[in-house]
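Have a look at this one before I ask anything.
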């Protein structure tokens, strides 16, 4: 797994490449924008090849911790395999999911400006 | 492995995709342009991911049978992994090897016209 | 004759991806061995995901994580059906766990739900202190 | 602790690619486990090629091809070194075969040459009727 963080105004785009499973979630949780609960993020999953329940758990934990601090965790560009994991677990109901990273950033910017 | 044959004048371009090893050489040897010893071919290896000694043996056998009938077997676009097999075995000394399929077809056309 | 591929890995999470990628490859082999079988990504992904979950559980709930035991995974090929079995000596457990309530943001408990959903059948037998987890799926049900 | 991955496959040529791809994946795992190890394609390819050759030989020179025996491949990880071993009960053979003379267009006899060239060491021991082929390579020699 590889993580890259890019700032887009007040939002951090966190792009994850490769695999998010039990062997890589710890690394994700240590990355600066994820570990800071007040930072709103768009998780760009375009290059996430594989997600399992351990990886999903890390995303849900991130969402919860950030919501407690009124920060957002949006998802963009997931492939069909990753989407399948969200749908089976119903996680697609608690995340805002976008097909386009720029649209997700716009939406997150509006949401956080409103507060 | 997948094989596609395309006619370019008197020459057949044989494009091989995937793996050429002991489990796939038989299929290659059955393809029309390969099994006809009088047909000159350019083997386009751009999408050949993996070649081992069984696959190389099939290419060398093809070269020999075609030479006996004054037909050519030229190679184009091999990747570094495939090239390594040719170099270790010295097979690069007996094949004409091109970086470009069109150039290989031109050369083969000239060679076969000369006869 | 049924064909079997057996993979034995160290019982450590860093090998989870090796297990899941091998499972995907086994599924692809079954697809390719069935004439004209389209590359059914859901079939391949089912094995990749289910084996990732099962391997992770086997390692995570092992009783002596200090000295991890090897984990053996069998892939059994039968016509249009692929079965994966994983054995462990962990405490017994039920595979009929309820689906977690997503509205309370639980971080765990999705593994067996995913396994049951993507596979046709998932069973866990307990024999002589061993859990035998078995997961099957038909290519064209 | 040395880590070992063991793969057992049916002794049939259709499984050759499964063996070679698994070998490439094992090599990549070693590269990734060595901090900052670049993706050295020659290292990965060496294992992919050598295992393809060794597996094919083990299957091709088996004495009872009518009922193929399973083939077991061990991948042994030690620091910067990966060792692959394959065992078979084939007739004994010498790995010191001369390189074929390419000018006479031989179609066979390149397998051991390739194995010896891409690996650091290749040995074949004979024990109790079993050939134990062992091939090692250091990541950064």
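Things worth noting here:
Order of writing sets the chain letters: A, B, C and D. Residues in each chain are counted from 1.
Heads up, the rule we're going with is that a residue touches a chain if its C-beta (ideal position, glycine included) is under 8 Å from a C-beta of that chain, and two chains touch if they have at least 3 such contacts.
A quick note: this is a predicted structure, and the numbers were derived from the prediction, not measured.
The minimum number of touch steps linking chain A to chain C comes to 1.
Centre-to-centre, using mean CA coordinates, chain B is 42 Å away from chain C.
Note: centroid distance chain A to chain B, computed from Cα atoms, is 48 Å. Each chain gets one centre point, the mean of its Cα atoms, and the points for chain B and chain D are 26 Å apart. Within chain A, not a single residue touches two or more of the remaining chains. Among the residues of chain D, those in touch with two or more other chains are 14-15. Counting only pairs that meet the touch rule, the chains in contact are A-C, B-D, C-D. Per the touch definition, chain D reaches chain C in the complex via residues 3-10, 12, 14-15, 18, 21-22, 25-26, 29, 33, 70. The residues of chain D lying in touch with chain B in their complex are 13-17, 20, 41-42, 45, 48-49, 52-53, 56, 59-60, 99-100, 102-103, 105-108, 110-111, 113-114, 117-118. In the complex of the two chains, the chain B residues touching chain D come out as 19, 21-23, 50, 52-54, 56-58, 60-61, 63-64, 80-81, 84-85, 88-91, 93-94.
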